[in-house]
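Multiple structures are listed underneath, in structure tokens.
In the two complexes that follow, chain A is the common piece, with chain B as its partner first and chain C second.
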Partner chain A sequence: MSEFFNQYFDFDFMGEHFDEVFDAFLKNLLIFVVAAAFALFLGLILALIRQLPGKKFAPLRFLTIAYIDVFRAIPILIVILLISGGIPYLEFIPKDIRIPHWFGQPDPYWYGVLGLTLVYSAYMAEVYRAGIEAVPGGQVEAARSLGMSHGQALRHVVVPQAVTKIPAPMLNELISLLKDTTLVSVVAFGEAALIAREIQAETFNASAYVLAGIMFLVITLPMARLVDKLIKRNQGRITRGSHIEVA
Partner chain B sequence: MAEPMVKLHGIHKRFGKLEVLKGVDLDVGKGEVVCILGPSGSGKSTFLRCVNLLEPPEQGEIFIEGQDICKGPGSGTGAESWELDFVRQRVGIVFQQFNLFPHKTALQNVTLAQECVLDRSKNEARTKATQLLERVGLGDKLDQYPERLSGGQQQRVAIARALAMDPHVMLFDEVTSALDPELVKEVLDTMRELAEEGMTMIVVTHELGFAREVADRVVFMDGGVIVEEGPPAEVLENPQEERTKQFLGLVLDR
Partner chain C sequence: MLVKEGSDIKSLEDLDGKTVAVQQGTTGQELAKEELGGSEIRPFPEGPDAVNALKAGTVEGVIIDAPVAQNAVEKSGGVEIAEKVPTEEEYGIAVAQGETELLEEINKGLEEVLDDGTYKKIYEKWFKLEPPKAIFSASHEAE
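Let's look at the complex of A and B:
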């Protein structure tokens, strides 16, 4: 049994390698923050395009749905490999773009951010859509009957109600995104999983993995609790709302 | 005879395989109050929702104040050729489930469309909304959210919200069906006043008392067609058709 603990929970070992792993973990957070910002924004745009009415916008809607379907269906690892294994060699793209070193971050960082953004914007678009579709149809009917355009109904009636239904599922996606930043290790970016792996390879001790796992836990666990809280609060609101005959 | 306010001719509507409306005609004159009765599934709500194109009919013609709203100048049958703006500015509707905007106060529910559809100033919209809410007896509830109002109060806000757009015709879709019995009267009273002021109204309802007292004409629908129509005294007291008799018998016996 002590052999097991020495393999996974060697606290002296963790202390020795803490700084290394922690610095790497900060890189995970840096991928997370940037990819999350892009995905939240792009996802909203996708969701709104998907709501455009009429025949005129059918091609745009189709493209959006195709984008969402495709990127929800492909493993993120493959998306990242597709980017890092191809774009750097496309010589018609200016070198600064195909091998970016913006803001002092190396190209693997940006390939990771791009890959995660592409996939998670599709996930986020679905979260926004679920929020929009959770608003009862009677709301749009009422707005349209008063002469509001589709856009006005969306802006003044649907979106303000949708945003109250979004936070919990959105946080869930963000938790997944944070965990999926470890996938960027596949393009040799020195984030926590990769560094922990290097340590393990040198020492044949897995405690660095546990250490990295704990660091994720410290961030994601409070997020998960917050999700529970939001869901509970929302349920309270729904129960009250559906009870029409409140005095 | 003067041009009818609303004229519907040969309205057909189907949902998938189910034909809900099988050729319905109705003329409503200015200031007339028409009550539509009928069992559930008879197509009366669908028919009402055809009038303002919430449910566009597949066949038939709709004229509002003489304007053909379904075909339009382009004579195509797609949404592009419907005179949506024309209809929605002239026809107001009140729903069974109120459909108030839950994130807006009573006052904001009534001002929102005035500002963004009619381009009224904030002040103008506010003044109009306050007047209307006072008129429906809710002058002290301006800043309440719908959640804090009773069903009857919510429905009166919904009536005020529709009236704020200065409609020429008002549609009422079973507006008392979701209310507790003791709250029905306050909504019917509001509608009665509206009728007395000369509003043109088409009312889908199960309230026979209201129909008898307020309607100029009663229309009985069943199976997607109009079975019988006439003055309330005739249709309600002395129905000619078997189906009408049966329905009225069931309603009165309960």
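Let's look at the complex of A and C:
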């Protein structure tokens, strides 16, 4: 049994390798922050385009739905491998864009960010959509009957209500995204999973993995608790605050 | 040391400061860490992944075992061996502690193929070279 603790919970070992694993973990955070920003933005655009009413916008809506379906269906690992394995060969793209070294981060970083952004924007678009569609249709009717235009109805009635339903599921997506940043290890980017693996290969001790896992926990556990709190607060709001009932 | 065909990187020194791909956990990775202090070293899960990165142009050199490199030159093309870095490495066959019977059988088998010419035949087939003389005179005993 002490073998088990030595292998996985060797605290002296963790202390020795702490800086190494922590520096690598910061790289996961760096992937996370940039990919999250892009995905949140792109997801919103996708969700809004998807909502555009009328026959005129049908092709756009179709394209958006196709994008969302495709990128929710393909495993992220394959997306990242496709990007890193294919884009460098597309010679018609200038080399600085094809093999980016922007802001001091090497190309595998950017391939990882791109892959995560493409996939998570699809999931996030669905979260936005769920928020928007959760607002009862009667709200728009009521707003219109009060004389508001469609745009005004959206801005003053729909969006404020939709916005309350988005943070909780969106936080779940963000927790997922943070964990999925470890997938970038497959394109040889020195993030926490890769570094922990190297340490294990050199020392035959798995405590580095546990250390990396703990670092993720420190961030994701509070996020998960926050999700629960948000959901409870939102439910309270619904049961207490709905004065607007369409008879 | 593999580079793209036609590259002007000819030696290990030329590679210093440039991006290098290696296979994770190999002696190639160690060599790269020791000799190429100025380079960004990218450890890939498998050898072919490192070679792919070289062909794609995301790295400028690959440090990997000679047979793997040779295979890459022949099978996938577009790459060439710039320098053969002698590392004085030896291959070993490891068995779990206490597996003395297995160890004896392996050593016996090695003696046989060394003595009857099979080893030479296999070596020449895969490496297209004569096996080094040291193999035949080295002690066959292991602990």
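Quick note on the criterion: the second predicted complex is superposed on the first by the 237 of 247 C-alpha atoms of A that agree within 3 Å, B and C clash if a C-alpha of one lies under 4 Å from a C-alpha of the other, contacts with A are read in each partner's own complex, and residues count from 1 in each chain.
Simple rule for what comes next: a contact is a pair of C-beta atoms (placed from the backbone, for glycine too) under 8 Å apart; a residue touches a chain by one contact, two chains touch by 3 or more.
These numbers were taken from a predicted model, which means no experiment stands behind them.
Participant: According to the stated criteria, A:147 is in contact with first (chain B), second (chain C), both, or neither; which is it?
Facilitator: first
Participant: State whether chain B or chain C is in contact with more residues of chain A in the superposed arrangement.
Facilitator: B
Participant: If we overlay the two complexes on their shared chain A, which of chain B and chain C does A:186 touch? Say first, second, both or neither.
Facilitator: After superposition on chain A, A:186 lies in contact with chain C alone.
Participant: Quick one: classify A:138 as touching chain B (first), chain C (second), both or neither.
Facilitator: first
Participant: After superposition on the shared chain, which partner residues are touched by A:73: those of chain B (first), chain C (second), both, or neither?
Facilitator: Touch partners of A:73: none, neither chain B nor chain C.
Participant: Regarding the shared-chain residue A:90, is it in contact with chain B (first), chain C (second), both, or neither?
Facilitator: neither
Participant: Spell out the residues on chain C that touch chain A in their complex, using ranges where they run on.
Facilitator: Going by the criterion above, the answer is residues 19, 21, 24-25, 40, 42-45, 49, 52-53, 56-58.
Participant: Mind listing the chain A positions that touch chain C in their complex?
Facilitator: 84-85, 88-89, 95, 99, 106-108, 186, 188-189, 194, 197-198, 201-202
Participant: Which of the residues in chain A come into contact with chain B in the complex?
Facilitator: So the residues of chain A in touch with chain B come to 54-55, 136, 138-139, 141-148, 152, 156-157, 160-161, 164, 240-241, 244-247.
Participant: Show which residues of chain B lie in contact with chain A when the two form their complex.
Facilitator: 52, 54, 78-79, 85, 88-89, 92-93, 95, 97-103, 112-113, 116-118, 147-151, 154, 158, 161-162, 165, 178, 180, 183
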